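Chain lettering (A, B and C) follows the sequence in which the chains are written, and residue indices restart at 1 in each chain.
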């Protein structure tokens, strides 16, 4: 692999701190064993399928419907999270009110709460007889919209935690400047603040989206899991595995992995540009 | 200074009413999206009273699931802690080419769907997998057994400690380590007496997040466990099993234990953030 | 102990930091490395200490080639620009660190270590502060602790990187005198880095003037003033 070239330390080492060889060796072994080789296995397996067969199983009608739900639902959830995540970050950074710290602590709950627990709880709430489902004029649980509800839950902290520090760093200087130039509050928000935090918001959106695309535990309970209708891509992988259809599972997993790598690349791109813009390039 | 800030704040801040509406909107959304599900877990778990709750938890299958979850965490947390420190030491205290790429590789498990993570190990160690025939010839079972569950958990919790430590150790620089070396300390002494005390809170923070994920992982473990009752079900899997059997009280009872764990995690995490903010790399995910 | 630097060079990526630097420093000398920011002073000092490796050239201590010797075995004391005190250790623990990490029969027992800490605290005029943490000290006090810590293992060579850089003028003056006294009393060979001409000339027996990774002149202060070796030196010292 390309890692071989990376492993060679600079001939003239800059750090006298000991342990480079040992820790680098362990890192490479552990990373390869636990992450790289297993992921490579997926690609190798699907390469063995041949292109035609890969397209047949990986891009079948049912798979395409599942991708559409996974990606479409994630887009919708990330969009909702961008709006409310920004609102929560704004309130946390800018206002002082009783319970602010408690509120901040609870934002991280989706990171800490096991997804299966979130899944059954959301299902109970949004079922037709549930606390919220009862009040809504349309059904949520066991429908595609249920998928979005679960994805909103797990994605919220990504937006809040990405936007929060940028908003805090922004300070009030540029807003004051805008105010002295006669800009109204809303104009200042749209023309001054939003452009400043846009990269962070975009990163938060992308992180929430990426997380939602791969999400399984919190979604499957509420989704209903009807093929072609409310079946997400990760569930389709599991279903096919349970039917010992390894080829189908591998092909879909490959598509999902490719999508993850693409998103990772895009996120790094946004963050790299943002760092350069702020002149923090190392 | 502080007075000046105060007036400035008032001069460009939102009107009080707008402020109030925004705060209420944020609180309302948080209550709906986050607090309500949390509350629902406990409400459902205790819907039939305390004694039913206790009896459900005391079921042998549930106890076995609790035991397995503890075992898996007891392996995954120390292993990933040690390797997290090792990786952070390589990256933060040395210079080499391709460092950024290396860091992205370490972060990789975060961007892989847990289901795909589980599948990876099935493809490697399953009956038709690369090592499948070798393993079955030696009568070693990985898939549908505890080793597979441990591997999948190690995969999904892989980056937490390193990701917390790398920015922290990079920010702390190398001065203290270099000072220790000029004073005659060897590498191990430098790490043990100088680096470790400086990163201890960040390390604890990373371990806490590792533990929360290790105990709560569902997708990756679900794919590889085979759902054998009393044997390969962890607590989150037991939640699913009970739920699918329409034993909702049972499912929510086990879920409430996991939710309790999440609350403890949040409390410790918040306490660490308040008391040792300068020694953390910032709220991690 | 004499220090010989022979034709040392160092390049970072593509940027050359040192170009064939040679210096012969006598035993017991107090030498200043003087030069503008970025001239390579820190790099040279770190190479002498063994904290960085030269691309070419040799370092000799007392006639012995130490170029390949690791920093722990060079027997030097090093005072860092930002002091680099161990922030989680008390003053006493900081000073005793070099003794605590010794191995086998060389390692002094607890009582001997405590005695040495007291000795050093008196030497740097800080008695009574042993229980404090670095964060509870003033800049000048931190500097003195860093100095005491560097001296704990009785090094024969003391290297200091901008030792007074972060201090106000009054404390600077006090510490200069203290450092010179300690140097003479302990019998050290010392090199200190500075970009302050006045400080170098007031304190050092000999001053090495560095520019763009090259030694422009190495001579006692009076000689540099009366007979500058280059236009650069003339401009820089005037």
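Note that a contact is a pair of C-beta atoms (placed from the backbone, for glycine too) under 8 Å apart; a residue touches a chain by one contact, two chains touch by 3 or more.
None of these values were measured; they are calculated from a predicted model.
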Per-chain Cα centre nearest the global Cα centre, belonging to chain: B
Dominant chain pairing [most C-beta pairs in contact]: A-B
Gap in Å, rounded to a whole number, between the CA centres of subunit C and subunit A: 51
Centre-to-centre distance between subunit B and subunit A (centres being mean Cα positions), rounded to whole Å: 16
Computed distance of Cα centres, subunit C from subunit B, in Å: 46
Residues of subunit B engaged with two or more neighbouring chains: 178, 181, 186
Shared-contact residues (touching 2 or more other chains) in subunit A: 13-14, 16
Residues of subunit C engaged with two or more neighbouring chains: 51, 70-71
Sites on subunit C touched by subunit A in the complex: 12, 50-53, 55, 70-71
Subunit C to subunit B touching residues, read off their complex: 49, 51, 70-72, 76-78, 80, 82, 84-89, 97-98, 100-102, 149-150, 152-153
Subunit B-facing residues of subunit A, complex: 5-6, 8-10, 13-20, 23-24, 26-27, 30-31, 34-39, 41-42, 45, 84, 87-88, 90-92, 94-95, 97, 99, 101, 103-118, 120-122, 124-125, 131-132, 152-153, 156-158, 161, 165, 172, 175-176, 179, 185, 188, 207, 210, 213-217, 221, 234-235, 237-238, 241, 246, 249-250, 253, 256-257, 260-261, 263-264, 268
Residue numbers on subunit B that touch subunit C, as the complex places them: 175-176, 178-186, 189, 193-194, 197-198
Contact set on subunit B toward subunit A in their complex: 8-9, 11-14, 19, 22-23, 25-27, 29-30, 32-38, 40-41, 44, 83, 86-87, 89-90, 93-98, 101-102, 104-109, 111-117, 119-124, 126, 128-130, 151, 154-155, 158, 174, 177-178, 181, 186-187, 190-191, 209, 212, 215-219, 222-223, 235-237, 239-240, 243, 248, 251-252, 255, 258-259, 261-263, 265-267, 269-270, 282-283, 285
